[in-house]
Each structure stands twice: as C-alpha cells, then as structure tokens.
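For reference, chains read A, B, C and D in written order, and residue numbers begin at 1 within each chain.
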Amino acid sequence: MSDFGPVQIRCPVLSVRRVDAYYAITVVAPQIAERFRAGQFVAVAVGGEASAMLLRRPFAVHDVKPDYGGTVEFLFSVRGAGTSWLSERRSRDLLDVVGPLGRPFPLPRDPVNCALVGGGSGGAPLFPLAHALRRRGCRVDFLLGGASADRVFSAITARRVAETATFTTDDGSFGVRGPVTAPLGRVIEEARSDVVYACGPMPMLREAGAVAARHGIPLQVAVEETMACGTGLCMSCVVPVVGEDGVTRMVRACVDGPVFRGERVRFDDVGTIPFDALGAPGWKARPEPGDGMADRAAG
Amino acid sequence: MSPDLRTRLGSVHLDNPVLTAAGCAGTGRELAAFFDISRIGAVITKSVMLEPRAGRPAPRVAETPSGMLSATGLQGPGVEVFLQRDLPWLLSRGGRAGVSLAGSGVAEYAELARRVSEAPGVSFLEVNLSCANPSDQGRHFTDDPREAARVVHAVRSHARSDVPVFAKLAADVPDPVALAEACAEARADGLSLVNTVRGMAIDPRSLRPAVAGGMGGVSGPAIRPIAVGCVYEVHAALPELPIIGSGGVRTGADVLEFLAAGASAAAVGTVNFHDPSACVRILREVEEALTEHGVRRVADVIGAAHRPMGAPLGGADAPGGA
Amino acid sequence: MSPDLRTRLGSVHLDNPVLTAAGCAGTGRELAAFFDISRIGAVITKSVMLEPRAGRPAPRVAETPSGMLSATGLQGPGVEVFLQRDLPWLLSRGGRAGVSLAGSGVAEYAELARRVSEAPGVSFLEVNLSCANPSDQGRHFTDDPREAARVVHAVRSHARSDVPVFAKLAADVPDPVALAEACAEARADGLSLVNTVRGMAIDPRSLRPAVAGGMGGVSGPAIRPIAVGCVYEVHAALPELPIIGSGGVRTGADVLEFLAAGASAAAVGTVNFHDPSACVRILREVEEALTEHGVRRVADVIGAAHRPMGAPLGGADAPGGA
Amino acid sequence: MSDFGPVQIRCPVLSVRRVDAYYAITVVAPQIAERFRAGQFVAVAVGGEASAMLLRRPFAVHDVKPDYGGTVEFLFSVRGAGTSWLSERRSRDLLDVVGPLGRPFPLPRDPVNCALVGGGSGGAPLFPLAHALRRRGCRVDFLLGGASADRVFSAITARRVAETATFTTDDGSFGVRGPVTAPLGRVIEEARSDVVYACGPMPMLREAGAVAARHGIPLQVAVEETMACGTGLCMSCVVPVVGEDGVTRMVRACVDGPVFRGERVRFDDVGTIPFDALGAPGWKARPEPGDGMADRAAG
C-alpha cells in the first residue's frame, strides 16, 4: 500500500550458495530492494503451500543489488526444519517473502568513525550498513566473531570494505580466541571510534554496550528475538526498552526495532517484565493527564 | 454476476464475512501496509483492558504442527489510549470495528462496555471471557457458565443498547453448549467461537516449557476441526444466535466450512502472522468458491452442514442472511 | 555407550518407551511387515469389546491440518477372536501386549478385565474410557469422574492383581486433573493421556460433514501441544502415577517432549498411518537425541520439564525410572 | 521384513510426464517392482518432511519396468493439495512410497476371454493386468471411459494390447457418449468374454456387476475407497462384503481388497453398516462354537 512500508511478494530464487557454514539465498525482489535500508530484515514463509510450519523465519538482509530490477540476499545457517527446507531450494523456486521489515540503523550525518561488531549470523546486517557508512565517508572497523572459522561471516568482504577487520572464534580456529567483544575496547581506542553498531545474541549486545559505555560512545544494537510474525501483529518479540520519557515499555523488536539505541535496552531484564515497566503487575496508572499517550514514543 | 457477500451479526450488517480475530491484527494499523482494511467485514481489535498492561515475559510463542502456542498476556496500552488513538485511526481508514473487551472482574467489564460502546463508530462488542476470574481462584470466566453469564449480563446492561454484544468462548470448557446457553440467557446478542485451546510445548533443546509460564493457547489450522465442531454443536442447539467462527481460518474454503457449520462470519487469527495479506486473499477465495458452488448469496451457506445431504444450498431458512 | 532406554509402567518393565497407541496398530500384524515388533516397548492393541462390532459407516476419516478426524466406532471381532487369534500371534512374535478394553457398561468392562488379564502374556491393561455410557445418556465415561472411577474400580477389582491397569482419558474433559485423581482413587495403576479430541470437518465440495455422523476425534501432531499440556498438568498433580503419553508423536524429539512433561512412555498413533516404520525410526531418534543431550538413561528425562531451568537432567528423583 | 509383503522406501523420481489430463510419475523402486502383481497399489507421502498432510495418497500401479533395477509408474489427475504437490515433483526428487499394497487380481489358469472395464483413473490397474493376461494367452477386450477425451486412460496402449478397445466419454468428445458400462454387454457377447475385470467408482462397479450377472459370468472389481493408511491399520476403508460363510463383514479395502469378487460386494449398502453385518448395531452373536473365527475368511 505505502511506498515505505513492507510488501509481501512471491519472488523467484536466483541462487542458493554455500558460504562456509552458511547458505546464501538471493531472490529477485525489486520492491523490497528499492525500499531497503541497512538493518532491516525479511520474513520468509517456509515449507511450501501445505506446510505444517506456520511461522515465518526472519533473516537480516545481507545485500541488495540492482540486477534483475533488484535482488535481495540473506545468509543463514541450518538450525531446524525451516532453515533445512530453505537450504534445499533451487533457482527458479518461488519464495514468499515479506520485507523490508523493522527500523533501519540510523546513519550519522557526518563522516565519523564506526566500529561494527557482529556475532555469528549477526554479522549479516552489518555489511549493507558498512557500505552505507562508507558512502557517507565514515571510517568502518569490523569485528566479527563466531563459534569456529566457518561461522565467521564474510571475512573477505569485511576486510575489503573496512579499514581494519578483527576476527574472533570460540575455538581459536580463526583470528583471536574468545568473544568478539573482547578486542572491542582496543579497536575503539585505535580507530578512535565515535559509535559502535552491534548485532548478535543478547549477551553479546550487553557486553558491547558495557564496552561502549566505558569509552563514552553511543551504541546501536540490532536484536534477534524470536519473532512469530515480524510485522508487529503478534506481540511475541517484546523487549524492555526505556522510552524518552524514562518509562520502560515492552516494545516489539520487529517494528519498534530490531535496531535500538543500546543504552535504552534493559539487557539484564530481557526475558522478564521489569516491575517498573508500563503495565507490569502491580503497576499503577499515574494520574498525569495524557500519560497514556506517551507510549507512542516507545523505542 | 459476483456473489452477494453481505452478512449480518445480529443488528449489524457487514459487507462480507471475513473478519480479523482479536489479538491477531492489533487495530488494523499493521495490516494496512498490505491491504485496504476497509475491504474486510470488520476488524475485531485486540482485547482492550482498563489499564495499560505489560503482558507476559518472553518467550511468548512457540511453533507447533500447523499451529502455534502463545501466551502474550493481553499486553496493551489500556482503554484510554485505545479510544484516543487506535479506534479513531481504524475508523478514519473506513474500517468496521468490533471491539474486544477483557476485564479482571465484572465491574471492569461493565465500565469497559460503557466507555467503549459510547465511542462513536463501534460496530459491536466482543467479550473475551478467557480471562482469569479473581473471584474464582483465577480460573477463567468460561470455566463456569454462571460466572460467564454474570459478565455478559453486566456488559449487555452497560453497553449502548444498539451495539450488539458477542460472548467469546473457548472450546475446551466443560460443556460448550451449556456455556453458550448461559450466555444467551444473559442476553448475549451472539457468540464468538472459539478462543485458543490450552496446551504446552517443550523446547527440544532445554527440555523445559517453550513458553514462559508453561501453559499457553494453541491456535492456527491445527485447531480448526475442534473449532468447527464447537460451532456446529452450538448452532444446532441455538440456531437463532449469530456466531463469529474462528480457529485456523487459512483459506476461503475454511470460511465456508465455518459458515456451513453455522457461523455468520469467520475471523482470521494466527494466519495473519503467516500471511499478512491473508484476509483479502481469503475474501477472493470465498467469492470464487461461491461462484463454483453456484451460490449467489454467502448467507445461503450459513448452517448448510445441518441440512440433509442433497438439500439445495440457500433458501429462506438460512439464518443471519443479509 | 548407547543410552539405557528401559522404562517402567508401574510394575511392568519395558525395554524402551516407544509404544503403539490403541486402535492405530491393530495387534501389530500389519506393522510386522515393516519392522520386528518385538523391538518396541509394547503394542497397545485396538480396544477389545466383548462382542464383534461393525463400527461406524463410511466415510470414517478426513484429513485435517497436521492431523486427521476419525470415527471408526471401535470395529473389531470381539474378545473371543482376540484371545484365540490376535493376542497369541503378537506374543508369538515376541511382542509385549498392552491390551485396551472398551465396554458398553461397567459389567462389560469387568468381564473383559477378568478374561483378558487371565490370558497369559498380557503386560498391562488400558481402559478406554472414551466410550458411550448407556446409563448416562450416552455421554462418555470420561465426562463424569465418578462414572470413570466406577469403571476403573471394576476393572482393577476383576483383573489379575499383577497386571497393571492404566486408565485412558481424553484431554477435552471438564477437568483432566480431577478426572485423573478420581481414577487414581479408584486404584488405577497409571494413566494413558490422551485420546482423540472432539471435532468436525466439513467437506469443501458438499459442505456437509466429512465423516458420517458428523463429529469425530482429532488426532495427530495437531493435538500434540494439547496432549503435552495435559500430561504436564496431571503429572504435576499426581507425580507418582506413571503416564503413557500419546497425541501426535511423530519423532524421537516428540517422545522426549512427552517424557519431559511427565510421561514414562509414549505411544505412536496416527503417525503409523503416515509412516508404518515410524516406531523404529522414532526409537533410533530417541537414542540419538539422548546421546546428544548427554543423558545416559531415558528415565532421567521423565518429568524434566518440571525441574527448574538449568537443573541437570537425571538424578534419583526421576519417577518411573527403570 | 517378508519378501511378499509391502516395503516402505524413499525412491528417486525418474520422470514426471503429462499424459492428457493426467500426470505420470515413474520412480525407481526395485523392491516394489519385483513384488508387484497387477491390481496392487502404492501409497505415497505428500508435501515433504514438514507437511501438514498426514495421510498417504493411494495410487494404482500403472506399469513396472526392469530399468534401473525396477521402476514403478502411477498416473493421477490433480484433485487437491496432495496431487497438486505431486504434479510439481521433478526428476531426482525423493518420494516416500509404500507398496505394493493390497490383493492383486486373481488370474485365470486357462487362456480365457477377459473384458477389462475402467472408469477414469480406474483404468490404471487394468494395464498391468492386460499384460499379465496376454502372457497367459488370454484374449483381452478393453472398455475405457472418462468424463472427456483427455480423461480416457492410455487409449493408444489399450488399442495395442487388446483385441478390441471401446472408448466412452460423458461428453461424447471421444468414442461413444455415455457410461463405460453401456457397451459392456455387447462386448461380452461379441468377444464371448468369460470374465469381467472392472475398476472405477462404486456406481460404475455396481453397474458392471449387473451386466456381468445378466451374462452369467464372474466379475472381479478393484474398489477405490478413501484410505487413510493403505496398510490395514486404520479401519477407514471398509466396505460390506459377503464372506464364504454367507456372513457380511465390514472388510478393509486396502488389505482385504482392493480386488474383490464382484458378487461379494454389497454395492447398494456401501456407505452404510448393513443391519445383518457381523457386529452391526442390534446384531447378536450366534451361539455356534468357533463362530468368531470365521472372520478370518472375510473378503
């Protein structure tokens, strides 16, 4: 309906490739490609018409290209039945894709220095971000981590687009052994980073937030919460986020995120309803007029 | 000639029988990105409560075969924001509003009924009775027909008299027909069948409940036969009472299944999550199926499954017709 | 080292927790074409009645999303043929026999219990309580905990004392926990949860009920979350009573889901129709999953979902262990 | 387990072809091909691993060939979601097939004259039967009917293997207009048929039975009842059949059939439980000893 909102389309698969431990699927989807901004994701129906799998699978967009009117690429590792089905697609199959979804990464107006931190498949959305930042003249430093060498995302591309690229693995099979947030402080200092962008599991994001806070620089995170719809309908993906008014609300990661300002996310309270969140059990409406309306600003 | 899709929910006339189910379409704002929401019969809103509510902790959902398990805990901004922001938005887009109410006690339901029914533009109220009843050890109002009837009676008494009241029931109750009869006696103008079915999923990795709090509600196509059976039995017992059917509607054929069982309209719930354009696709499929069946008025299908094999579809006896 | 798959149903020790569900595997003869039936924990036979029974007219089944609707009406040759022909065949193949009983009154159940339990080689009895109760207007015995208890009590009193008696219940009853408690008080040695869930499907071509007689029972993966929830709640209330879980078991992971919820064994029903080799595949999957979880004894998984997150799987508190 | 019983195998698709209104799928399935006898069928899982369709779809085997160790072909028209999915298979896809199932057509010992009558897809099992009969020196006369020309099964093959081939269509677009049983009497007379084999919908089988009875010759029918399992487990496919002892029993079309002696099937009572069927409501056990055992002979 709108030119900015998401669309739902059946798009032909252009290619399915193996990339280390991941599969990369490229679909022809001009309407998604033209709307896309870095940080957004797509939600893909899996299992075909007679599928018992009712929930779409969300994937960060890894790349868009102008070929064939506009293509969209996402990368994924096989985790369960949905990604297993996806990995068996062949070119010319049709995929039912909704996107682009979610709020994109905010881009700085000025050519500042940016550290991009990704854990596992959380590296995916950082690549279109890196390109966008480079177009604005920003310096990009990449930090990518994974369980093992084959789970570090697109290391070669990272080296190409970034000033520096640091890799970590849990097993030490590639780059530095340890969590991807461990070298972050050093990179921030060496690159004089002005802002950190991070995507990955919650504990990693929390740790990135702690490092950024120590260096007094802002952090933008893209969260990966379980999402049943991706379009804001089901309320399954909520995280506790502090609004501009200081009130914590349970906001939807899919439409109010997945990108949030790092210091706004109450990482320690993810998976709970904080007692002081708007509408938490025992919470009492404050009598100020117009209060209820403030949740418009959530996120 | 394209078939006549109009249907009636008590005194309310709707353009067509495809609605959204409560809690599965917000107030229509998100779906409006995918289609013109004035095209569907009505949007039944997420259940509105008096106060803002944060809902249940995550994880709130898990996928189950042809369905899902959810426990969102009725998160919402409260009736004030609903009336000031959400309802006007829906009406401004030409949408028809069925407003679902959820209270934590009879008095709350009554106040909600008064405030919401007095807002201009509300087509009907739906009373979500699958809420914890504080005066019955937290069991649902649907677990005891008398408690359900008390709520329905309070809502009916406090709502504007020209706004029909639909009582929304669950299928997994001691006796759905007895519950429906109790609601009818409490002057419900119609019924909405069914809410989610209690269930649980266990995460294969942790071997712990997949949804925080353990039990949740099963929805989606998996429960459709349970829902259709419930509509059929209730319609057989109370043929005059209009019914909104829901539970796993995915296609136009599913809408006709609910209508044939006795519903006057069908609401699309979980399938919106899977397919945000579902409602308009389903509407098209209903039209195509009626054409194929050679039925001119959708109202003629209502209750068809209760008529003897071979009886023609349609005729003056079809209740709820436009 | 491959994990220890042994489990216990009261006094009965089984090699592994994978059983066939009543009415979904005959007495094992058909499945024997696909695998050696002595390899699975036990075959629960189709419910045996006193007299031959022709069942319900066709059509008896319809497909539903991730499930099916059926109304076969307990067709069978009667207890005499069962004891002379079917049971000996199963035992001759080294199969373990759990025999399901269906009566049309308390006296019939009692006579079946006596005759069947006295046959050599019967491992346990399962009492199918989802049968019409002639002294209660044809409602099921499960609809009233007192009626269910009467049957269980009669079976327990007439069966050989060393043959455990499992009461098989439905999930869609007023209060599964109360029903389970009534059966426990009537000295059931264990429970079997759950039978099919009432439902209906309507044929899209005729718009009439797809199964003769209208209502039928929904089974298959679609009902698994309902079944797992029922097992979880009953096990929480009656942790000492062994439970046979059934409802949509399709994979080894599903077996572990039932065990984690509190079952001591899981029965494969409808999925046998889809995949006649299912039981042995599932057995292999259970073994693989346990190895992956690093669990040495399947019994350690029983009730795991009731333990706090992070608690190790296993330990001496696991009931029903071998 | 046994060399005669059915097997369950994942077989590669060799080819999917369109044949008029039908699709023909050939799978490589040596174990099924070697066990197969004319009249038997296969049951195919549809929708893939994560399918919401739980019931196998039964199809008569149309042909077996020795290629690739043994191939099996079945033909089908698209009716609903299952056959629609099947029609989209491509070569090298795997199909989960159980077979061969059911009792085959009994073959005459002597070289007699056989009339084979098939309605719609009911023609399928008659082709391997025709070949088997020809190998025994039998005369074969084919009668094939369908709604329209493109629904008459394998007319060319029928002409090749049979002495005579008669075709009928409901709309007269090919052959004689009318039901396939209409010319049956004439064919029986002209060909001096000794036996009729028929496969198709129940009303057609009943009518074929009436014609055969009028000519005093036996009829073998293969029924197509709704089958949820095909393997004898579910009791969904029962038809009222009179046993050798004169007692009517509800027997399973999948394992006790699909082939029955025509005069044994109570066509008029299909879809009911005849009041005199063993175990019908109100039925009373007769006191003769050993009575119960007689149902071994059912069918």
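Assume contacts are C-beta pairs under 8 Å (C-beta built on N, C-alpha and C of every residue); 3 or more make two chains touch, one makes a residue touch a chain.
Note that this is a predicted model, so its numbers are computed, not measured.
Touching chain A and chain C together: B, D.
Contact tally for C-D versus B-D: the pair with more C-beta pairs in contact is C-D. With centres defined as mean CA coordinates, chain C is found 34 Å away from chain B. Centre to centre, using the average C-alpha position, chain C and chain D are separated by 34 Å. Computed from the mean C-alpha positions, the centre of chain B lies at a distance of 45 Å from the centre of chain D. Note on chain placement: the centre of chain A and the centre of chain D lie 56 Å apart, centres being C-alpha means.
For chain C, the set of residues touching two or more other chains reads 65-67, 220-221. The set of chain A residues touching two or more other chains comprises 52-53. The touch graph of the protein chains shown is complete. Residues of chain D that touch chain A in their complex: 46-53, 81-82, 84-85.
Of all the residues in chain D, the ones that touch chain B in their complex are 52. If you check the complex, the residues on chain D that touch chain C are 1-2, 5-8, 45, 52-56, 96, 98, 225-226, 228-229, 231-239, 249-250, 255, 270-273, 277-281, 283, 285, 292-293, 295-296. The touching residues of chain C, when paired with chain D in their complex, are 23-26, 29-36, 51-61, 63, 65-68, 70, 72, 75-78, 80-81, 84-85, 212, 220-221, 270-277.
Per the touch definition, chain B reaches chain D in the complex via residues 65-66, 221.
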